[in-house]
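Below: a set of structures, written as structure tokens.
Both complexes below contain chain A, partnered by chain B and then by chain C.
And then the complex of A and B:
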């Protein structure tokens, strides 16, 4: 087993184990901190897939932004609210959890189906990219590649996403504004 | 196998360096504060009190490690390690001299920016884990401050990246001196590729980067929780903020992280704006000062000199300026620094397209 393979299995195990802890733990704050481990090992998996820019962006946005926001929400909400959430019916399999379980199982079946149907070592688009010498090498410059593609091939989706973010910002500003007495 | 041993030695060396720097950083801080407040500072232990911080560290090592009964023990014990490791990992991508960098990453700058945001998480962890109202207030103030000040700092960095066209710190460093592979021009008009020295530094290649440098420097003070942005550990209101409950070794780690952070943010500022390991002396005719003072050993010397000068300014500011209130802090960030940083980024684009 090579170093890369060993690292892949280690990171994969860490991602899955910490994600399970996040879902199953009763201590909400601890599960948020465990989510940090999930995100970091996921970033490690991205690095192994030669997507270093995506890995670092993941750390900036999720760890630096979203996790901190989640913790803020916890710290501002006080002990009573937190313990109310924690005292919910916590049995894993129960009638009230049926829709969630159904959804999860169906989604899992879809994933498994994809996994078995796709011929992973012989995918059409990877073969095509390799034949045009467009595949990513460990020493290739990813940032300029991403930038060029965002500004040419994928300009319309990029702009659509920025409009979506703009709407979210305007909405947030509107909600947080003090109402004037008319 | 030699490969891994080399990395291990570099990592241990960096750790030893950050410990050494924190030791004498604390000593320097006490002497500077004493000078500014017209006192003497430590004088008794060793010559000029030089051994004072070593004695302090020995005291911290033999102190009892107290964990508060109501604390979340796991989070409480892990948080100083996370705060320090986040800062320590940042050192991995920083170049010291031509050809000397622990890891020559393509995305070095972005990596440092990402790793430093993990420190926020460690501080929140410390605040929550301590289960103490002062700690949690300090942690929340700190997180709010760091998250807000990341925005002007980020845009000031983007202004430089637009001029440099790369995020590789070693390349950014090489562009600002006689080893540059492209044309370097002073104020965009005068080609100084042959002269080098202070004329080819980023702040003089594109003069609006002076503003970007000031923005980055102010934001970096806030990110390392230094005065005038030290409301997270404001002694007069919060005892000691997020590290109120820490004793002994854990307290030492929090301090180690703070001083390493000071060094790291100053080093990033030096690399981006102040010519990195390049000499400030230009070639004048047949007196080839820049050629004579460029090299591996000189590189380390210039980096260390510039970084220590910036750290000195940080200490000077800490003991001169009063602390900002929370609303003043947010006003400064969102109403002054962020728009200015946006303007810098805009000028950078225009500069790159039409002037350089």
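And then the complex of A and C:
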């Protein structure tokens, strides 16, 4: 029990620390690679929330797909702009970022306040689910259940999202093709 | 076990860091990274609440949908960024101020 707790704190700390590093880093390549660490430790947090299938999907799609795509775009978008941006950022924390920092911190305080006002650990429906033993246990097999639900209860959203994914892929291919001389 | 509020606190922190990244960075790809952070914070919330729904798995399935949508968004956004770079030779959102042909 305490082992799980310790692992949770470690992963949560890694998530937030690498996200903060992404925010503070001046080197673009380094920030992309630290985002990699953020995504992997988030996958670990999903495992601790007993959602192993979502964790695997996160690793496959985010880490394998999106991040590689980002690195490609990043390398294709030229070296001179990168050095340019780095020069602009080479001062230490600039004054123009202070309002943004204030906004982010205040928003965080608002969110935490909402969490504690809502008394999130004693919600009615979660207590009910726990008392009827409807919550996910560490030994329950979720993946087959997810597959069954995907093909029965959530069939309409599934089809809608597949059409949307196809539209997005066709759109991306259309946008990135070579322009013909008209 | 881990409380629900612990997950939500981590998620709130990640969301605010994403907000900061979006508003301060001067590179369209880094702005995209900030958007992905905020999306991931939302997905973490979905997964954390999805623990209390074993029969229908609402939280986990919509987390999967959100991940797929994020992938589609990123593909389109990166195609747009590359086109913008071809045209303007920069991907600083502040310097792209003429959108007509």
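Just so it is clear, the second predicted complex is superposed on the first by the 148 of 182 C-alpha atoms of A that agree within 3 Å, B and C clash if a C-alpha of one lies under 4 Å from a C-alpha of the other, contacts with A are read in each partner's own complex, and residues count from 1 in each chain.
Everything below uses one rule, namely that a residue touches a chain if its C-beta (ideal position, glycine included) is under 8 Å from a C-beta of that chain, and two chains touch if they have at least 3 such contacts.
Everything numeric in this text was worked out from a predicted model, so none of it was measured.
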| item | value |
| --- | --- |
| Room on chain A for both chain B and chain C (clash or fit) | fit |
| Touching partner for A:37 - first (chain B), second (chain C), both, neither | neither |
| Touch count on chain A, higher of chain B and chain C | C |
| First (chain B), second (chain C), both or neither touched by A:146 | second |
| Contacts of A:68 with chain B and chain C, given as first, second, both or neither | first |
| Chain B versus chain C as contact partner of A:17, first or second or both or neither | neither |
| Contacts of A:136 with chain B and chain C, given as first, second, both or neither | second |
| Touching partner for A:171 - first (chain B), second (chain C), both, neither | second |
| Chain B versus chain C as contact partner of A:49, first or second or both or neither | second |
| A:59 touches, of chain B and chain C: first, second, both or neither? | first |
| Where chain B and chain C come nearest after superposition, their Cα distance in Å | 14 |
| Contact residues of chain A, present in both the chain B and the chain C interface | 53, 57, 65, 72, 74, 76, 142 |
| Residues of chain A defined as touching chain C within the complex | 1, 4-5, 8, 12, 15-16, 19-20, 22-23, 28, 31-32, 35, 38-39, 42, 45-46, 48-51, 53-54, 57-58, 61-62, 65-66, 69-70, 72-74, 76-78, 81, 84-85, 88-89, 97, 100-101, 103-105, 107-108, 111-112, 115-116, 120-121, 123, 125-126, 129-130, 134-137, 140, 142, 145-146, 149-150, 153-154, 157, 161, 164-165, 168-169, 171-173, 175-176 |
| Touching residues (chain side chain C, partner chain A) in the complex | 1-10, 12-21, 23-24, 26-27, 29-30, 32-33, 36-37, 40, 43-44, 47-57, 59-61, 63-65, 67-76, 78-83, 85, 89-92 |
| Chain B residues within the chain A interface of the complex | 72, 74-75, 106-107, 110-111, 113-115, 117-118, 120-121, 124-125, 127-128, 136, 139-140, 143-144, 147, 150, 167 |
| Chain A residues within the chain B interface of the complex | 29-30, 33, 36, 52-53, 56-57, 59-60, 63-65, 67-68, 71-72, 74-76, 141-143 |
